[in-house]
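By written order: A, B, C and D. Residues from 1 in each chain.
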Amino acid sequence: MTNNLRVAVVGAGRMGADHIDRLHTRIVGATVSAVVDIDAERASAAAARVPAAQTFATAAEAYASGTVDAVLLATPGFLHEEALFEALERDIPIFCEKPLTPDAESAWRVIEAEQALGHQRIQVGFMRRFDADYAQLGSIISGGTLGDLLMLHCRHRNPSTPDGFTNEMLINDSVVHEFDAVRYLTGEEITSVQVRLGKASRRARNGQHDPQQVLMETASGVLVDVEIFVNAQFGYEVSTQASLEEGIVDIGADHGPVTRTAGRVGGAVTPGFEDRFGAAYDHEIQSWVDAALRGEIGGPTAWDGYATAACCEAGVRAQSTGEKVTVTLKEKPELYR
Amino acid sequence: MTNNLRVAVVGAGRMGADHIDRLHTRIVGATVSAVVDIDAERASAAAARVPAAQTFATAAEAYASGTVDAVLLATPGFLHEEALFEALERDIPIFCEKPLTPDAESAWRVIEAEQALGHQRIQVGFMRRFDADYAQLGSIISGGTLGDLLMLHCRHRNPSTPDGFTNEMLINDSVVHEFDAVRYLTGEEITSVQVRLGKASRRARNGQHDPQQVLMETASGVLVDVEIFVNAQFGYEVSTQASLEEGIVDIGADHGPVTRTAGRVGGAVTPGFEDRFGAAYDHEIQSWVDAALRGEIGGPTAWDGYATAACCEAGVRAQSTGEKVTVTLKEKPELYR
Amino acid sequence: MTNNLRVAVVGAGRMGADHIDRLHTRIVGATVSAVVDIDAERASAAAARVPAAQTFATAAEAYASGTVDAVLLATPGFLHEEALFEALERDIPIFCEKPLTPDAESAWRVIEAEQALGHQRIQVGFMRRFDADYAQLGSIISGGTLGDLLMLHCRHRNPSTPDGFTNEMLINDSVVHEFDAVRYLTGEEITSVQVRLGKASRRARNGQHDPQQVLMETASGVLVDVEIFVNAQFGYEVSTQASLEEGIVDIGADHGPVTRTAGRVGGAVTPGFEDRFGAAYDHEIQSWVDAALRGEIGGPTAWDGYATAACCEAGVRAQSTGEKVTVTLKEKPELYR
Amino acid sequence: MTNNLRVAVVGAGRMGADHIDRLHTRIVGATVSAVVDIDAERASAAAARVPAAQTFATAAEAYASGTVDAVLLATPGFLHEEALFEALERDIPIFCEKPLTPDAESAWRVIEAEQALGHQRIQVGFMRRFDADYAQLGSIISGGTLGDLLMLHCRHRNPSTPDGFTNEMLINDSVVHEFDAVRYLTGEEITSVQVRLGKASRRARNGQHDPQQVLMETASGVLVDVEIFVNAQFGYEVSTQASLEEGIVDIGADHGPVTRTAGRVGGAVTPGFEDRFGAAYDHEIQSWVDAALRGEIGGPTAWDGYATAACCEAGVRAQSTGEKVTVTLKEKPELYR
């Protein structure tokens, strides 16, 4: 391997196309050498801007071409397990968009396979860890000058959802980021999950109960509450307030020009996650490329993928039962300590 | 009664002395004519600044003096019931500091006595209703332009507590304000209360579990969470964030000069409730005086006192059981509709 | 004199009526005993709410009635000199709305008359000194922990002006407050004034050049710039930024609920000076009443009125010449030191 | 030329080393092929991280090596003229750090040389145009929905200055950015410059008069004031407030977590220009690389360099005379329209 990582992007949908664009125009040290999608037309469209990229129907064909040093998985989650095994067998750096796999059991099989390999190869796409606000909040908490962390109040709000965004996706696709962020900020595992369903917005889509409140506890007893509100209309917001023994810290405020006109003072609300986390996505992939060139992992590991899969399972069960659901993890393997 | 209300202040402790000062120096239309306290020295000290005020050991003596048009009760809550009956018998305007009485059963007896009288005489001291921020938030919610209210996230933080401030007082003296504020902002009764005890601050006093999270539901299903944190060190904060169908509204931010020096930008945190709600206290008593001179009530009624007493009872039980406790109220009498 | 100050309000226009309402409903320790206006109908209208007040055509008649302990002058500025002399002769407490008189020469005659009396009797209506923000900024500057003050950047913006608001009034009625605020914040006299006329808004009324920039220097060399913009449309703003050797301080931000809806985050802009400075007006008059009952002055003195009159004269000249105009004051009499 | 631009960086001091790092690690589409510095040791140190880069003592030698498609000039300004002529002769894309040259006369000679070439080759390093805040403010102003721009209030504050930072550098190195920003935001040339020297901070270095206030006028009469304060201690700030006919717009506020602890609410002040404008520098160079590969200019042109040089000359003269100095530009050549 030279100092240029030749990456196969598997899955040429919205997220895959976005990563191809990122690797091609903003990430130094990597080249998109292969675009893999069962839909040939979609693969060609996504590869069009990248002269060096070939298209393939399967990852196996891409690997066989001899042009692939590393793989980025951007297919739907239910396809991840098989693709991960295939890549682990080749022992190449893997960037796996979240979730690692859709449930804790399959995630654990991935953990076992990576352990069998004897070294870490999988980085999971929890990009908040690369956001400056989260990183600074994490430093403040772990720095200890404000005492122990006691509570986290989280907001996760989208302006609206596409058709077909179900109650389960609300946990598995949205709250999953909060699960990882809570684990990252506290440095602890989550021990229980509970979901409160109150008054629903008339803006909620068919079958959704929106907003919901997700309550968690961590190993040391930190209480967490999340407002997940995916049809909040006003804009996009991901913010967190931390209550510590000696002070309160807020992250996630809005930016840009402040205008006063016609009796109102204010600024623009972040319109979507691309605006809020665009730089974080770039940092995440750059970190993965840099680490991969050194044979290392540059972010969340397969263990993080497994632990959040267990939280999602508990969350979905809590959502339907209204009860507090305990989260029990297997013992953390040596490889991830 | 002339256009000057002669007020007997019963209870010359901290709160009573504060109300005497307020009536004497800032409230127009009222005079402190009597200061009542079983402790003669304390009564004299509190009355010292008010030339026109006589001191008495009991309210009965003050009433007998013929100098009292109205009464302000500032004794501890467990003394309220008897004092309220005594004043209702005389059919005079009553300002009763919160709580109305310490429990729902005794509060209901007061309701019955006022109903027997046939008109409202009691105003309860929930002064947040006189705070500009709460009033504006109430207007925004009831105005309806942002759709229905769905969730309320409340923060109630004090820098520290005096010795002897117990877990029960945390509900009965602090969260009681949130109970009334939620009822005021939603226009609905609270139907259940739950308390989460997580990691406690090492700054908590003996026997306290601090912070706590109080969860509520209202009649229409609005979900409410309160962080009550009475040893939060940094300063005083009472703030609320409302999630509505079409937008989010925040109240309770800090005021005053913003300074940038030595790498920090910021301002002063509100140091205590006097600074945050001083003007609200003045408005509250002025409103009571003005209404009393017209033979009316200028704020929260005995019903509000009863309903919050029922919430406090549920809150204390929820605190010790960890269960969700249902709040059941008697039917609202015609007098309070 | 008892501990109730019987006040004659001279001038029953908008400002006079406002002060009558304030004294009657919000100020403790004073009664409006006389309302003086040459227009009998206007006097009666303003006195209607105050049972104890009599109406008079002239101040002399009011004084002759034996019901006047003190006088509040709310007539136009050009009538102040004579009314001040009349009140000084009677040696009673005088609250004089700004300006003291319309020019430095007549203001100096008032200074001489008060000196002849041997004690101060006149308080001038510069109410910003009673605003919490200005008071705090003044304390920060004089406290010295941020080093010496170097520059002041001031904004004075109104949504729009009534017909007939001339360029001269822009200095004499609006910037006059900045002249006093600069003197108050720096503790120094202003030594020069300059006015820059650039691009004018199409919203400016006939004959106005709006906005303008007023530049000042103080005795120690503090540089001041004021944007005076009286047709700024968006709302009302009076704010100041101070540059000190060790830090920057801002006052004058907007308050109240912050709303996020439809892609915007923001709050309400202060709509007018009543909202921004309403409490300051109350504090100002209460301070005057309290001091008057002790035979003292509770705020800006006649010297402050004289010094700002000299600044206004310089400002109007600077406005028409475009030159820097020096402000020269007579030596400050012992009485005002 | 392929789709990879081989860049010679001339000048391996702080700014040059920074650009080398940027091109090597963050900019896609370019490679540092040559590092030029008369100081061989400095050239080697700066080139150490870049395997592909050769070092040279002069630009001529670098050009002769046949490895250079484009040049980035990061030497001191007084060396720019000759280097620009040398590069223009070779007709290659040139990125020239500001200033174009140190004075208007030499800048005009560069303009003439580029005109003789018949197409634009020079982009000048005014990186604020690539900052999101400035770009948004520019859009708001040119969009016209808030009416015409009337005034600009600018702040340019550094925590402190290195030894040897003179009064002239304060104009030529710091205010020069404001000159370009004003031209960018107004879309007009600056017609006069004036400098006010008031009270100086005791933190000012030997020979500096700090802070200063720079006043400008633009062609249509927009008034501009700049506080330039290079020993402001508290941190770094570049902010602008625009007064338009229908509203006020602010840019430049601070970011990051907001903490409440020990009676203070606040966040971190931007510590330096790298933090405030780091992303802008990246965007600027990427824009130049992208445009250069297309044979175009991606930012400020030589005309912008000439016009700001004329402003700097006027500024330095205004600083020493205290007078308003008119800025007169030659007619804008067709090439830059």
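Worth a mention:
By definition in this document, a contact is a pair of C-beta atoms (placed from the backbone, for glycine too) under 8 Å apart; a residue touches a chain by one contact, two chains touch by 3 or more.
Everything numeric here is computed off the predicted structure, so don't read it as measured data.
Here the chain-to-chain distance from chain A to chain D, counted in touching steps, is 1.
Of all the chains, the one whose CA centre sits at the greatest distance from that of chain A is C. Interface comparison, B-C against A-C: more C-beta pairs in contact at B-C.
Chain centres here are Cα means. That of chain A falls 45 Å from that of chain B.
Centroid to centroid, with C-alpha atoms defining each point, chain B and chain C lie 38 Å apart.
Centre-to-centre separation of chain A and chain C, using mean CA positions: 59 Å. Residue positions 233-234, 237, 246-248, 260-262 of chain D are each in touch with at least two other chains. Across the interface of their complex, chain A is touched by residues 233-235, 237, 254, 260-269, 271 of chain C. Touching chain C in their complex are the following residues of chain D: 147-151, 153, 157, 196, 198-203, 211, 213, 215, 217, 220-223, 225, 227, 229, 232-234, 237, 243, 245-248. Listing the residues of chain D that touch chain A in their complex gives 3, 24-28, 132-133, 136-137, 140, 146, 246-251, 253, 255-262, 279.
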